[in-house]
Amino acid sequence: MNNVKTVYKKSEGLTDKYMTYCPGCTHGVIHKIVAEVLVELDVLDRTIGISSVGCSVLNYDFFNCDMQQAAHGRAPAVATGIKRVRPNSIIFTYQGDGDLASIGIAEAIHAAHRGENITIVFVNNAIYGMTGGQMAPTTLIGQKTTTSPNGRDAKTQGLPLRIAEMMATIPGATYIERVSVHNPQHVRKAKKALMKAFTIQKENKGFTLIEFISTCPVNWGMTPKDAVDWAVDNMIPYYPLGVFKDATVGEEK
Amino acid sequence: MNNVKTVYKKSEGLTDKYMTYCPGCTHGVIHKIVAEVLVELDVLDRTIGISSVGCSVLNYDFFNCDMQQAAHGRAPAVATGIKRVRPNSIIFTYQGDGDLASIGIAEAIHAAHRGENITIVFVNNAIYGMTGGQMAPTTLIGQKTTTSPNGRDAKTQGLPLRIAEMMATIPGATYIERVSVHNPQHVRKAKKALMKAFTIQKENKGFTLIEFISTCPVNWGMTPKDAVDWAVDNMIPYYPLGVFKDATVGEEK
Amino acid sequence: MISEKVIIAGFGGQGVMLMGQLLSYTATAKELNTLWFPSYGPETRGGTANCSVTISETDVNSPVISTPDSIIIMNKPSLDKFQPKLRKDGHLFLNTSLVKDVKLRNDLNIYKIPANDIAMELGNLKVANMVMLGAYLEVTKVFDPESVLEVLKKKFTGSKATLIEINKKALEAGKQAVL
Amino acid sequence: MISEKVIIAGFGGQGVMLMGQLLSYTATAKELNTLWFPSYGPETRGGTANCSVTISETDVNSPVISTPDSIIIMNKPSLDKFQPKLRKDGHLFLNTSLVKDVKLRNDLNIYKIPANDIAMELGNLKVANMVMLGAYLEVTKVFDPESVLEVLKKKFTGSKATLIEINKKALEAGKQAVL
Amino acid sequence: MSKVLMKGNEAMALAAIKAGCEAFYGYPITPQNELPEYLSKHMALHGRVFVQAESEVAAINMVYGAAGAGARVLTSSSSPGIALKQEGISYMAGAELPAVIINVMRGGPGLGGIQPSQADYKQITRGGGNGDYYLYALAPETLQEAVDLIKEAFDIADYYRNPVMIAVDGLIGQMMEPVDLDREVPKWDLTPKTWVADGNRKNRERNVINSLYLDPNDLENHNLHLKEKFDDMRKNHQRYELVNMKNAEIAIVAYGSVSRIARTAIEILAEQGIKCGILRPITLFPYPKKAFHALPKTVKDLLVVEMSTGQMLEDVKLSNECHLPVHFFGRVGGIIPEAQEIVDKVLEIVGGEKHE
Amino acid sequence: MSKVLMKGNEAMALAAIKAGCEAFYGYPITPQNELPEYLSKHMALHGRVFVQAESEVAAINMVYGAAGAGARVLTSSSSPGIALKQEGISYMAGAELPAVIINVMRGGPGLGGIQPSQADYKQITRGGGNGDYYLYALAPETLQEAVDLIKEAFDIADYYRNPVMIAVDGLIGQMMEPVDLDREVPKWDLTPKTWVADGNRKNRERNVINSLYLDPNDLENHNLHLKEKFDDMRKNHQRYELVNMKNAEIAIVAYGSVSRIARTAIEILAEQGIKCGILRPITLFPYPKKAFHALPKTVKDLLVVEMSTGQMLEDVKLSNECHLPVHFFGRVGGIIPEAQEIVDKVLEIVGGEKHE
Amino acid sequence: MAKGRIIIDIERCKGCALCNSYCPVNILDLDITTTNLKGYTPLISTDPDKCIACGFCAIMCPDSVITVERFIKEAK
Amino acid sequence: MAKGRIIIDIERCKGCALCNSYCPVNILDLDITTTNLKGYTPLISTDPDKCIACGFCAIMCPDSVITVERFIKEAK
């Protein structure tokens, strides 16, 4: 039809497989914008995504590019392994907060430390979704999970880790930003952040990490909309959005 | 003798065993002040030290207290295991930069993240001493090691990690300081830092880490004095001394 | 001698796990042997959930029910999965509110219960499972509904205690549905 | 037929590893079979270092020398460790600059070489090892010093080339010491 | 006490508390999550320690530390998580530290699947870590047995100063059965832990927990000392059950949940007039070689049934010492064998020709 | 080409380069450090990749990634480091990825010691990771053989899409021997790697590297597919050497550096008129069962000699199928057995009474 | 008149009701009269004519259920 | 007159020469005329009378080789 313009449709960066996420989980939103950016940068054909262990483990079925599934927490190491032998490829890992902030923090830090030219998509939903809602390093104080049944207690379980802030101190890292997908405006902002990160990678400028504030309606025990609101009210105050490191700055001007 | 006062002698915090470090290695200096602090705080009898894997692996023979030898990089986990079941004990780990900054960074970060009430003595000598001088995450740009034979190259090996700076961003950590032992004045300062750290632990105020700039004359290929001077000229500029986090501040005044 | 092997299956959220557990709790209270085994893991997310319950006066051996005596089917995919396994002359309890227009074997005892509709009438869709259970108990006579209710009372304490009444009604309604 | 098993031992830094390697390199150049095996790891730090060299026209089997034909001893702890292993009538080369007042077996061929003193005279303490090697070669005739020097020339290139002359002198001085 | 209906993972957790377990360190993984979840609530209620570690590697090293400080300590995981613990387990065996490790097995290799499996048999009995060591490994088949063995396992670990592995699978972890948590279990003869490095040094010399022996002579002696312990386990503490062996013509060798299915199978076989017994290993290490000597002469064939491609076969062959033909039936990847499949296999053997 | 004198670790490194190894990912550990050190210099010279990983865990997962992208890839470590790699190795076997892993064994358990040992036999042959898988495992005895096997190992790994383990010890890693690096080795029949996920997707569908199969049916099929590969290895690719077997009355079973010592022992024995042969496994998995069938009738006893407390004994018993008495002599913890000790043991056996 | 329209791929919809809240003209709801094959209550537009083709719903839908089309006024 | 003195535990000394550089009165050197049992050339004070008992040498010695004593002037 000539008098109709498609302003939004499912990205070609995604396959047609039915996504296994729970209804209303923002993992799906993040998948979409990653896929869109890969298509818009015209790199899908040379991209290898790394699925990590978490709810997103099956996304090797969802992203419409070469994929490798990595052991829990080790996606940045797998990414390093690939990128070093296939430097022309575009590599991203997609990791949850259990995967990256807990078991895999060493691999994430050292990929940044070596300045690996890869992009980490880090999905912080303050919980272990896949395994049924255990406490994550990013679980907020007072938040109830199956392993903090009385709410996370600073005394015995510590204060939540701020990954973007921590990773930003690593000299080898190029770009670190924290974004959220709680409304269309922020989805667009988040996509811009991804665009920046993948562009940096495309230009061989080094390590990039985008942290996403995300939801887990099922394990938080909320409707998807309430979950998004909870994230805005509770997570963003502790995990402020913004650019935490941008080593391309001076150079670009 | 009445007219003689001993102003310095070997600490009772050390055993009589012959220390296995190479001649002039500052590991020995750090051992001495750790031992002295434990004696001065009168906690030797309830201290458990954790030897890590590195040149200091045998220091379970040197510190005159209960000791546990930990797997490479895992000393903070071992410390956590102990402290939680024996909260009245004083626990320190003694870890090299290979041990803590490379293989063990996850365990160090998460001990801080949980706010474990332990003290980490972190010895940064910019190299793997024990195994014959391989590159560490803290090896300086241009520094030659057996696995960076042409000098560390930022392009392929990244920029050196700054541990104190990175750990200081962890909300759960209480006190982080970087010190050096390159002359008597700095040894005294370093001892003060240790005193502060162990005092914080004694008062159950949480996680403390003291990073030491140290030398490896043998693998750096220098005399002990040249090594100390090299550390001052090359390491301290990249690894500035100072307090990076002190969560006791407001409270103390 | 009681010896019953039942599989209960439906969507996640329909309370099939609880149904099975109630049977096993009741069996335990009666000092019978019993075993409850659920489907588990992410496969259950959004998809189907089921559990197997064995109740016996002798030891329960195999935890897996190859040939159930009864199946309680809360949705269509579950029928496809479990109908073939049901033993000849076994009892098939069908939630006909959700399972319609399906092919049924002709060597079975089939009980059609519009459980969702009944539950809605009772005022809470969530008790559709108890409606099915009421029907199941009435037909198989494994336990009387009172024993199950006894267990329910022990489990539903505090704020949940208010739910006992409606569950009781649901059990009764299920019973009526197959009378 | 050449068949030689020698252990070379001393402090770390005395160049015992190099001595052994030179023998194995020379053997390789002559297309003989050979095997060099060092003590390794932190035990060698500050403490003693040693290596075993086997040279043979037939296959070298066991990499471990249980009963050496010769031992070259650069310091006292090494004498204690290896003298008992030396075969009867074996050759014991002793750096008497450092190993003094010791008990020696009387079923051995013993060569006393003040290697450090000789090396000092030559102007470089570091070549004490080559002095010992010179003595060893002269007695055992395993290789002529020229062949070893040939290898040394290949190894010492660039700035190290200047060291060849003094090493040559050291080999010669060692030879003289046992003539 | 009367029995309570509990989920396997929770019953095992509670059994540990009853055994005086002072601390749990672990990391979530399906299908054992209810175990740490239960403990996260109940350890604190008992004044005990629960820590969710950052990883399995950290967890086992926390266990190392707490055990070295003299505490009774537990960790649990499932197959890939156990793989990650191998270095730490080797350290514990090397440093002679007691602990109980529960492995709720799932399908492999790699990430594999999450359904029940016995594919970690090699990992459990042959050690995935470096060096000459073994774990005392117990494989219960019911929740009651799991509870009883876990309670005893802490004693066994302390007795031998060696980690004890409880080998179960997703079935046992996820099922509910009535259990009596207060049944008496054998008490082992334990001596005070004078070797602990717990920072409580009033009347003793300092203690050191360590597995490093740079002098090969010392390390050899240490290894021989450890070997004595493993030999003692082999000699004195094999465990097994023989079921229905009287006049049996064939014996099924199966452990854990598979032996339960075998029990159903032999009932079906009995109806068909086939006398089939079960040799059920309870210890996977030490493997119950003695059970094979105890088989009646009537047994002419052995059928090994496993949820693996045949990992226990070697132990059966070694124990059986070439006396009887050994057959195999296995399902893998999370598929649980059905009793009828076992029955069919038995019929094939007793009916048909014998093959290895 | 004429031979060059090289240290074992360096010769193995160079062999990998000659085999077209495109990338090395590893972490330092004694006694294999010269291997990564050599590669840190020489890989770059050949335009290849060398990365010192932050840990053994990271290293094996880098290997996983590079192998998944189709590269020939190597890692090396020593015993405790290999224990840390177990999860990753299991993943590689599960995802069917080829790679070569060199284990320069040292004493254990735990930190143990750094002297030569063969105490990882179980870890190597029975897998320390979870699930039903094996590694093709080669145990060279000389540097020449090490070089030749490593060159072939990359082919074998590609052929089977499975990791290949090179099992050596500190002796082989640290010794120097003359080697010919350019000897021809068998070429395996390799098909193009159409399965790689390397981001080079011109004319193909997207590829996925994965070991997860949530549906048990799929996972069972996958396991059975893997088993076929391992069975094929067992059937077609056992390797061994029989030495001096003609009329031998006793056979020593020994691999790697111990078989070299055994060679010296049988020379001594020959002088004393005792005919002793050596059965030398070259593949530890598949274990060379065929070698036992090939033993001459004159052999009346088997003597297993190892640098472990007897980890290979089970394989020998299984292969020997109860035909001959099996004896054992071992040294552990870094102690290298002396030829004379082996001689004495043989004399005890052929002279004295037979015992198991 | 509508500025555009949305096309709902009903079988992919999980009835999560996330999109609804972001529609500026409030025309989205779940269609409780039906369930799709997966058992979910799918999305429906209650007043398609009001759609301004802003795309907010589509952007927020985690499952790419919604396609948004804008009607283009024909030039002159 | 010396303000104090140092006592050198010769057998523990590794002859590393680290301490020397810190002596404000420059009286420390290695005694190349001898080696200790471990084979090291140990430290010696070349002019003990000059020692001011500052302790710098002892503080810097990694091996706790040096004990420092200060002479106390007798009260009156």
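What to note about this one:
For clarity, chains are labelled A, B, C, D, E, F, G and H in written order, and residue numbers in each chain start from 1.
Note that in this section a residue touches a chain if its C-beta (ideal position, glycine included) is under 8 Å from a C-beta of that chain, and two chains touch if they have at least 3 such contacts.
Since the model is a prediction, treat every value here as computed from it, not as a measurement.
Think of each touching pair as a link: the shortest run of links from chain B to chain G has 2 of them. Comparing chain pairs A-G and D-F, the larger number of C-beta contacts belongs to A-G.
Note: centroid distance chain B to chain F, computed from Cα atoms, is 38 Å.
Centre-to-centre separation between chain F and chain H, using Cα means, comes to 55 Å.
Chain E and chain F have CA centres that are 29 Å apart. Within chain G, the positions touching two or more other chains are listed as 14, 38. Those residues of chain C in touch with two or more other chains are numbered 41-43, 46.
Annotation for chain E: residues 30, 51, 54-55, 57, 80, 87, 91, 95, 110-111, 114-115, 210-212, 214 touch two or more other chains.
On the chain A side of its complex with chain F, the touching residues are 45-48, 50-51, 57-58, 60-61, 64-71, 74, 77-82, 84-86, 88-91, 106-107, 109-110, 113-114.
Residue ranges of chain B in contact with chain F, taken from their complex: 53, 57, 69, 71-73, 98, 102-103, 105, 128, 130-132, 134-135, 137, 146-150, 157.
Contact residues of chain D toward chain F in the complex are 21, 24-25, 27-28, 31, 33-38, 40-42, 59-64, 66. Those residues of chain B whose C-beta lies close enough to touch chain A in the complex are 102-106, 109-110, 113-115, 137, 154-162, 165-166, 168-172. Across the complex, chain A is touched by residues 22-23, 25, 49, 51, 53-55, 57-59, 61-71, 73, 87-88, 91, 95, 197-202, 206-212, 214 of chain F.
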